[in-house]
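Chains: A, B, C and D, in written order; residue numbering restarts at 1 for each.
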Amino acid sequence: MFEFIYNILDFSFDLVIKDIKFENYILTGLTGVIIAFAVINGVLGGVLALIWGERRLLGRFQQRTGPNRWGPQGILTSTADAVKVMFKEDIVPEEADRYIFNVAPLLLVIPVFIIFSVIPFGISLYAVDINVSALFILAITSISGLSIICAAWASANRIAIFSALRSVAMLISYEIPVGLSLVGILLICESMSVMDIVIYQKIPFIFIQPVAAIVFFLGSLAEINRTPFDLTEAESELAAGYQNDYSGMKWGLFYLGEFAAAIAAATVFSTLFLGGPNGPFLPGIFWLTVKVVAVLFFIIWIRASWPRFRIDQVLNLAWKGLFELTLVNIIVTSIAVIIWTDGESNRLIYIGLANWVFAFPFVILIFKMLKTSNYKNTNKESMTYPIGSDTPKFIKEKIK
Amino acid sequence: MIGFGLIKGLSVTFRNLFSPVFTVQYPDKRVGVFGLAKSKNKSVFELLKEEPKQILYAILGLAKVKVKNDQFPRFRGNEFVWYDDRCTACASCAKYCPLGIIEIVTHASGENLQAGENYAIDKFDIDTGRCMFCGLCVEACPYDALHMGTDFERGNYHRAKLVLDKETLISQDKNPSSWFRPQFEEKEYNPWASNLSDYKEAGRHEKPSDEKIKQNWVNKRKFNG
Amino acid sequence: MSIKSEPITINLGPQHPSTHGVFRMRVTFDGETIIDVEPIFGYLHRGSEKLAEERTYTQVVTLTDRMDYVSSMLNNQGYILAVEKLSDIKPEPRGVWLRMIASELQRIASHLVAVGFLIQDLGAWGTPLTYAMREREKILQMFEMLCGARITNSYMRPGGVFMDAPQQFWENLSSFIDEFPGAVDELEKLLTSNEIIFSRTKGVAVLTPEQAINASITGPILRSTGVPWDLRKNDPYDYYDKVDFDIPIHNAGDNYSRYLLRVQEMRESLKIVKQCVDFIEPGPVRPHHDEVPFLIRPPKGDCYVAIEGSKGELGFYLVSDGSISPYRWHVRSSSLINLTLLREMLIGTLFGDLFVTFGGIDINMGEVDR
Amino acid sequence: MNEWKGKILAEEINSHIPNSVISSDKESVYVETEKIYEVLKFLKETSGFSFDLLSSVTAVDYIDHFEVVYHLKSLITLSKATIKTKLGFGREDQPQIDSVFSLWKGADFQEREIFDLMGIFFNNHPNLKRILLWDGFPGHPLRKDFVTNSQSIMPIEEQN
């Protein structure tokens, strides 16, 4: 991809001027700008489409129409919203720390876009191929927590602080299972490069690493603050959480960052577990889009159907459930990898079978264990209050 | 077991994804090509011949059709219907109004002196800006002169314009609601289909003939004993 | 190692997405745990009781609509029963049956709102709420057929109801009776066995029957603690002694049992509506104006009438001095009194449970502040 | 549900707590204000009465005196009764009565409401402050001498 654009630029430069100084530096920079421009605008377009799609779909799930006024089927609604948000008054609270207050939205948005730099959109269609890109994705996503705590602290709002503390607690808890869930894949592929993982996925890894897929999916839901883990915003408890004091385009950036994160999470999931751009006949970008849309549909479907967890339950799930599951997954996978070494035919199928047989039952077991609530269940079997057990005194005397 | 309830919930929402919507679009609704043709009672080809621009709009999803949602006949609407021919200026409505928003000013007209002098109405104002549409004024009216209306689109930027004065009440379209008017329901009268500008149709009683008035007059003064 | 920490006090409301109106709480947290709650009322206080002293007995009906605006019919019924008892009016049977149909439908509508918003407070993104509202919409449309208004009904008058129901109403009612059980089943399928709802509401904000009765808590909350106390059964008014229905009770006394109880009560209410439709016979719906005039002048005296509202015992205390307007009108609002134990229920729970408990109590600010 | 006749209930109360009943009518018993707590405690805790549910507490302004009305219900004996007491004769500034908060917690908000709107002071109430109106509201609106037209409902600091 990079070479392709670089060569085109080189060729067209040569047509106009020859022998400019530092030609390769200029060309490298220009190529980078073009790729970044394409990717970022693609993601921005995706965000607008996702906002529209989510609102329409939620509407349909709830037997409503959803937005349908601007453009065909209301597709321009999110564009109109974006324009409106840009022109809204920008309010900074008096007691806010202005500098951090302004920087926080950017801190949320930029890392999300950086993730897309290592995602392969086709078999040889990627911006950069780092040899530790899986680790890179995990590292970059943690920055969003910093952004949220910056925003909350700077806006000097107690409700926002609650939201930030929840966010940090969740981020710390879910980093670990999400990171460990990838270990199984890395063991099988013996590479940390996303490109290598994609090439290795003759069978999508969701069938070979079911436990890891579940853990990764739940973990990424928690990291992007979607239902049932949307405790950071928790509309019915914290109003809007850390965004309470933001308005105008700064709020718009938060909104953008959240939806871009949803797309990023869906893309990473479909790259690592659904085979990414792998698919018959059609180009890779098509298959990737189909998979991303499918994952996003599932995320929206969950949002339409389930309520939210409480904070202690969310943390319990991470530490007492998902963490153990990843450990089980690592043990089973590493034993399987040792038994069926590289080069063996049907290696993936054997490893997958081992995972389904030995690791997957633990999902049921651990979820069953989590069912007990830490509250005391005072379920009384019999009625205790003696209703109608006595008669009034004046009637008693009458009977006498 | 954990998970089954959640999956059941997912199945319920998924089934509803394909069931028809229950929201009502108002004041207009977006339609496709077929919807547009249906709303104009034409086939798509006729429409394509006559109004190709409209077809293009419909394909783009910009075509809209006006929707007017009919309420039920008893709907207590915004504009009051008042028949000045029926009103005797007794001011029952003003007395029964819990908020006191009906203002009536009368003077002795000097007409019909024999049967007891009639009142002429100088002012009949209803401040709908403060009205809560309880309908007690209509219930109180002994001569069926005042009726609830059936309109609800009187949004305005000035509170003063919400006051219905005598001229507006006389001149505006008369689509009375059948709230506390059983005679309308017996007739199966539909406020959205027809107009009731004739005061004679709105009442519970026929206006008595002169002969009957005379008879009443005599009966009242009959000596009992 | 110990980290220095201090409690944090947050002011929730009067503008908050899930306080069900303009309700304010001053909540003190230790981390996420609630250590103190102080409810603050009065943001919707309109002085209905004072207003009633300057209005006639019929005009006060319009004030009752605006008290608990999701169960206006029940408020109308309670008030009208008090007026009838005070001035010794014998209501017409058809009027009473219509009154019962209307108020039971209103109870269903009110419970639908309660269940919908309870789940909304749990964080479900509107889906159960829209399903509940879809059913409530049908009831409100029937109310519009009956009396021309959806919320502020003013349907009942001393001696019965103001007008007979139109033919359209009966057709809609019969189709509603057929369809509604299916809709409740759908709602229950979505919610009742949902593990998230289960884990979040089960065992939260537990009340014992002794606590609840001592704090004058009535209605679904009392019944969820295992006390089968329903004024429709224990102190029948109108014709509730002629219809056959059960009082569903639960023993746990937590938020989950409050939710389940409301769902079961909806089914019981539908049962009552069905029987009322069978029992109703043609006839006048209110006494003639000669018997019960528009301006009622009850004899001197006072009376207290309580009905089983959708939120608990809804009492009306009327004092008459023989004039056309009540000398004193007091509403025993169950919404206000059910909040008495809010502090005791919430202390020790987490932030997430706060609004769930609040939704489980199901108050209406119009009735709390009046 | 049985309703206690005023006369029978008055006799019962008077035989246990002498000189506590002033009079009785068809449904209600008028009790001495000083003994209201004692009488209600007796009615709550004695078997045969066991009024465990305080249905409603309210007050009426009869211009020359106030009247506090207690509507009691009993879930155990399935009966109900009305107890009334007259106080504040001659419109003394702050009529006083004992709170029943320690008997029924349900009296909490209702007594606060009476204090707020009617201006009757409840002794021994742990948290007696205005509930529906704000602190500093001029007067008590449900009293008959509260004139709505002339009295501003704005807080004092905002009036100037």
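Basically, a residue touches a chain if its C-beta (ideal position, glycine included) is under 8 Å from a C-beta of that chain, and two chains touch if they have at least 3 such contacts.
All values derive from a computational prediction rather than experimental measurement.
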item: Partner chains shared by chain A and chain B (touch criterion as defined above); value: C
item: Label of the chain whose CA centroid is most distant from the centroid of chain D; value: A
item: Winner on C-beta contact pairs when A-C is weighed against A-D; value: A-C
item: Averaged-CA centre spacing for the pair chain C and chain A, given as whole angstrom; value: 42
item: CA centroid of chain A to CA centroid of chain D, Å; value: 59
item: Distance between the centres, which are taken as Cα means, of chain D and chain C, whole angstrom; value: 25
item: For chain B paired with chain C, centre-to-centre distance based on mean C-alpha positions, whole Å; value: 30
item: Two or more partner chains touched - positions in chain D; value: 75, 78
item: Shared-contact residues (touching 2 or more other chains) in chain C; value: 127, 131, 134, 190, 194-196, 213, 227, 229
item: Per-residue overlap in chain B, given as positions that touch at least 2 other chains; value: 2-3, 6, 9, 12-13, 16, 22
item: Chain A to chain C touching residues, read off their complex; value: 58, 61-64, 158-159, 161-162, 227-228, 230-231, 234-237, 239, 303-313, 371, 373, 375-385, 387
item: Chain A partner contacts - residues on chain B that touch it in the complex; value: 1-3, 6, 9-10, 12-14, 16-17, 19-23, 25, 30, 59-62
item: List of chain A residues in touch with chain B within their complex; value: 57, 59-65, 68-69, 71-75, 301-302, 304-306, 364, 367-368, 370-371
item: Contact footprint of chain A on chain C as seen in their complex; value: 8-10, 16-18, 29, 32, 119-127, 130-131, 134, 190, 194-197, 199-200, 202-204, 206, 208-210, 213, 225-229, 249, 251-254, 350-355
item: Interface residues, chain C side, partner chain B - complex; value: 55-56, 58-59, 61-63, 65, 127, 131, 134, 137, 141, 144-149, 152, 154, 162-164, 166, 168, 186, 189-196, 198, 294
